[in-house]
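Next up: some structures, all given as structure tokens.
Paired with subunit B in one complex and with subunit C in the other, subunit A is shared by the two complexes that follow.
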Partner chain A sequence: MPAGVGIPRALLYYYYYPLWKEFFKTLGCEVIISDKTNKAILNDGLSHCVDEACLPVKLAFGHVLNLAAKKVDYIFIPRLVSVAKGEYICPKFLGFPDMVKHSLTGLPEIIDVTINMRLKHRELSKAYTQVGKLFTGNRVKIWQAYRRGEKALKRYNQLLLEGCLPEEAFAVMEGKQKQSKLNSHDLKIAVIGHPYNIYDPYISMNIIKRLNSMGARVVTADQLPEEVVRREAANLPKKLFWTLGQRMVGAGYSFVKDNNIDGIINIVAFACGPDSMTGELIARSSRKAGQTPFLNLTLDEHTGEAGVVTRIEAFLDMVRWKKSQQAAGLGSA
Partner chain B sequence: MKVTFPHMGNLYICVKGMLEFLDIEVILPPASSKRTLTLGAKYSPEFACMPLKLNLGNLIEASELGADTIMMAGGCGPCRFGYYAQIEHSILQDLGYKYNLVVLEPPEKHITELTSRVRQITGKKSWWKVIQAIKYGYLKSRAVDEVELMSFKIRPRELVTGETDRALAEALKEIDRAGNMQELKLAEVRGKEIMNDVAVDSRRPVIKVALTGEIFTLLEPFANLNIERHLGRLAVEVDRSIYLSEWINDHLFMGLLKGIRSTKEYCRSAAPYLNHFVGGHGLETVGSIPVYARQGYAGVIQVFPFTCMPEIVAESILPKVSAANDIPVMTLIMDEHTGEAGMVTRLEAFVDLLERRQNRGYTMKNAK
Partner chain C sequence: MTGYLGIDVGSVSTNIVFMNEDNHVLESIYLRTQGQPVKTLQLGLKKLAESLPASTVIKGVGTTGSARHLSAVMVGADVVKNEITAHAVAALQQVPGVQTVLEIGGQDSKIIILRKGVVADFAMNTVCAAGTGSFLDQQAGRLNIPIEEFGALALKARTPVRIAGRCAVFAESDMIHKQQMGFELPDILAGLCEALVRNYLNNVGKGKEILEPVVFQGGVAANIGMRKAFEKELGLKINIPRYYNVMGALGAALLAKEAAAKGNATRFKGFRVADMNFSTGSFECSGCPNMCEVIEISEEGTVIARWGDRCGRWSNALAREQVQIS
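Right after this comes the complex of A and B.
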């Protein structure tokens, strides 16, 4: 029987799942992901995590418990220290495997390999070799698995650039779904936020689909090429040391300047450390430019859906009103 | 040029000493107060951590006194502090405060980035003089820590409540007033004399409690609501996991000076519980618990500002560390809404628990 490796549908799942899945599958493992976020998973996470942690970390606890209940053999929780030179993810990502191990009991074996590319890029393949050794002694096979994983990740990133959302891209890659054609929408709204906040429909109150159904096309930071993000983020007075934060700020700066973007929605999780700083940077730059309407939404486990919906509706109304004013202004001039 | 910098406990004595050694005019912000925090909280991002809010308040108040240059430390993550200076500066700019910002932090590309920034502050002074100034500042921080350490031992045993605080303030003033190396030596001796003059009952039973956690809340009495004073008055002898001079030696001098206490020991002791550095002092916090348990402390209190990321990681691991080392640990989280009375009640309850634990241990040993 192949070993079952569980991957929590949380945190950087939205960035690396194709790689991880392909890697473990090639090694002959069965890959099991936790269920889609629901109330039970969130509640489980809330009751097992310290109060002060941010929503995404609490939710990740819930997903780990969900996997444990599925009786997987391993749970894959890499310690993601850094995925780019000179940068970090966030302190909670650094400590997450330890937080899980010391707060939860009755867990299957945890694969908590450290991925730290802060100093050297080579560390990455080393980390995967370390994981691969758990399942096979064959180094060639591990290397092959890693290469296949990388290829899958490349394809996935391409799909994101073409405008797919993560879950949709996963389905396209598995051949379950055709890449959907973009419908005609009258508005283009940029949604900025950590991937695990905006792409989890339960946590984000399904904001992307909701905006779509209200007639707005959604653009996210992940649909911008890496060079654009880095170039824009270089306008900061000092290089930002959080990779995800850098992407958000770079995208934010680019959206603020982009005339095709009708509005920006910034989604932050309450008590998220990096968000408290990056959100401030984006909001200030948007206010300074004074062009694009900007909405800041803070999410936590208490956020009520109705309140969020009302705010989005009001925001879109305002954006449409502004657009029609501008059109009228241009017409008369 | 009128240089200012945010407060962190008695840091001002050492930094002001260092700058004045170089004949640079210093404008000290008023000690952190309710007004500082209110101003800071009003203009800061909502869930930024409290040190940022207090920093911002300090800088606003210093600007009102005429300061025009901010000198701050920086860092390269992953703790938020590394980006404090830039965020605070952009908030101040938007508010219309005119400030020139000089951040002393590890250079991104080349060492000249740092040296040119130091030059912005020091002007044409020779590097030898700058090094002398740093040494002088460090010696001031050592002197400050010496008298503070004495106050931890004296306060729980003082005969007249409040005498220690008065003496400590006086001793610190002596050290602050010293204008050169010779005067500093004398001031340290005088400071210690002042502390020793406090009347104590040396036979009073005290229990030992350690404070650990985030550096700013540990060192700034306004941020921790005078926790050391409150504990002292409950007949508790306090120790702190971080002292300014140790921090300077560990982080700025890279442990150059041997023979003084270092937080390295904490990092080593953290290993079975937390296996990786998490920014800030998260690792040290976890590792300090086994160390204090070995040293026979009755309990440990973790202090940190609300939303502090490294300490949250530590907090979620502490219950295990506490159980494994058989030492009670309490966590206190500070933000702009924390009330002093509420904290004192919690401290009283914690100290009661520790005393009862100790007495029970004593009788159990006797029964054997």
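Right after this comes the complex of A and C.
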């Protein structure tokens, strides 16, 4: 029977799932993802995680527990220290495997390999080799699995660049037809936020679908090429060493300049340190650069849907109002 | 006579206005919601019907406030709008050229920045209700003074005391402390107003460019102490529009008029709504682990609306049934 490897549908799942899945599949494992976030998973996470952690980490606890209940043989929660040279991932990610191991009991074996590419990119393949050894002694096979994983990730990132959102991209990679974009939208709204906040429909109060149904097409930071993000983020007086924060700020700066973007919504998880700063940086640039309408939404486990809906409705009203005024102004001029 | 209804059902107050074709408010009703939005709205409609001539024709209805969806299905509204837009529309009509709207209601507060006649930015209070009407109410109750006299008393202050306004709980303990030390009541009240204004400007108004004309609306605008505190802190003239406490409802009426101008007949069920039997109920759906609390609104025993389900299983089912019936 193949070994069952569980992957939590949380944290950087939305960045690396295609790689991880392909890697473990090639090694002959069965890949199991935790269920989509629901009230039970969130509550489980809240009651098992330390209070000081941020909402995404608490939620990730819930997903680990969900996998444990599925009786998987392993749970894959790599210790993500750094995924780019000279940069870091949030320290809460770094400590996540330890937090899990010390606060939860009766878990299957945890694969918590360290991924630290701060100094050398080569560290990445080393880390995967270490994981591969758990399942096979054949180094060629591990190498093949890693290469196939990388290829899958490349395809995934390409789909994002082509305008897919993660769920669509996952579906396309599973062989489903790419859905053509409906043209019934009159607005284009950029949604900026950590992938595990904005793409998780439960946590984000379904913001993407909600915006769609209110007539707005959504673009996100992850659909921008890496070069653009880095070029824009380089406008900061000092380099941001958070990889994720850099993507958000870089994307924010790029969206502010883009005349096709009608408004920017920044989604912040309550108790996220880096977010509190990146949000402000983007807000300032949107104010300075000539007023791309900007909305800041803070989410936590207590957030009522009503407050979010009211703000989104008011925001879209504001964007449309401004647009129609500009159109009228152009017409009369 | 023809005109439009604007309904604003909020956490603390339920407001209804009747506006004629010239955008004049002919009737306005301000009631305390007291946790009973359905009954209060019915009471308000009844009062309004009594004060309007029997020949009055309602050409459009707009609802806003946190119970806007509930009130919309009850009365048959043509427009359902969020509070920000409704307040902005009303402020623009009352004070043309307004650039800043400060709004403090029962449990929420907001700031709306307008430029060239459109909303350019806004913010609402987030996790904290310090500095809203409910807190002022509560403190007035604790100090044994009617809320209506709060503002006038605060104006008598000679040296307002400094009160920590960051948090309502701390503000209260700070006030008690100042009382025990022997400060005079007017000084404490004025100090509280200043603390609330600071809190508002630091939280809701953070980073916003406040330019004149400034309009202060919402129930708390009745408190002259708060107005003075804003004027002192901002160094700007603060306008309080005539209908300051029903601005949301006025905005909803204006939006209803705009919708009616497009030629659509109103969906208003008539003032008989006041005498109908409405009931609300809720149940926990067991369809998935989300366990959504679904709310059902019934009119004369027939379910007319459902919401609260994340997946749409219940709300959509009802919509389908209604399509089949009609």
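Quick note on the criterion: the second predicted complex is superposed on the first by the 324 of 333 C-alpha atoms of A that agree within 3 Å, B and C clash if a C-alpha of one lies under 4 Å from a C-alpha of the other, contacts with A are read in each partner's own complex, and residues count from 1 in each chain.
The criterion applied here is as follows: a contact is a pair of C-beta atoms (placed from the backbone, for glycine too) under 8 Å apart; a residue touches a chain by one contact, two chains touch by 3 or more.
Given the structure is predicted, the values throughout are model-derived calculations rather than measurements.
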First (subunit B), second (subunit C), both or neither touched by A:G307: second
Which of subunit B and subunit C A:K71 touches, first, second, both or neither: neither
Subunit B versus subunit C as contact partner of A:N38, first or second or both or neither: second
Partner chain(s) touched by A:M318 [first = subunit B, second = subunit C, both, neither]: second
Residue contacts with subunit A in the superposition, subunit B compared against subunit C: B
Contacts of A:C49 with subunit B and subunit C, given as first, second, both or neither: first
Partner chain in contact with A:N206 - subunit B first, subunit C second, else both or neither: second
Subunit B versus subunit C as contact partner of A:G95, first or second or both or neither: first
Footprint overlap on subunit A, where subunit B in one structure and subunit C in the other make contact: 270, 284, 298
Residues on subunit B engaged by subunit A in the complex (per definition of touch): 45-49, 74, 76-80, 82-83, 86-87, 89-91, 94, 103, 108, 273-280, 282, 306-310, 312-317, 319-320, 333
Of subunit C, residues touching subunit A in the complex: 66, 81-85, 116-122, 124, 126-127, 207, 288-291, 310
Subunit A residues within the subunit C interface of the complex: 35, 38-41, 202, 206, 270, 283-284, 287, 291, 293-294, 298, 300, 302, 306-307, 309-311, 313-315, 317-318, 321-322, 325
Residue ranges of subunit A in contact with subunit B within the complex: 49-50, 52-53, 79, 81, 86-92, 94-99, 102-103, 114, 236-242, 270-274, 276-277, 279-281, 284, 298
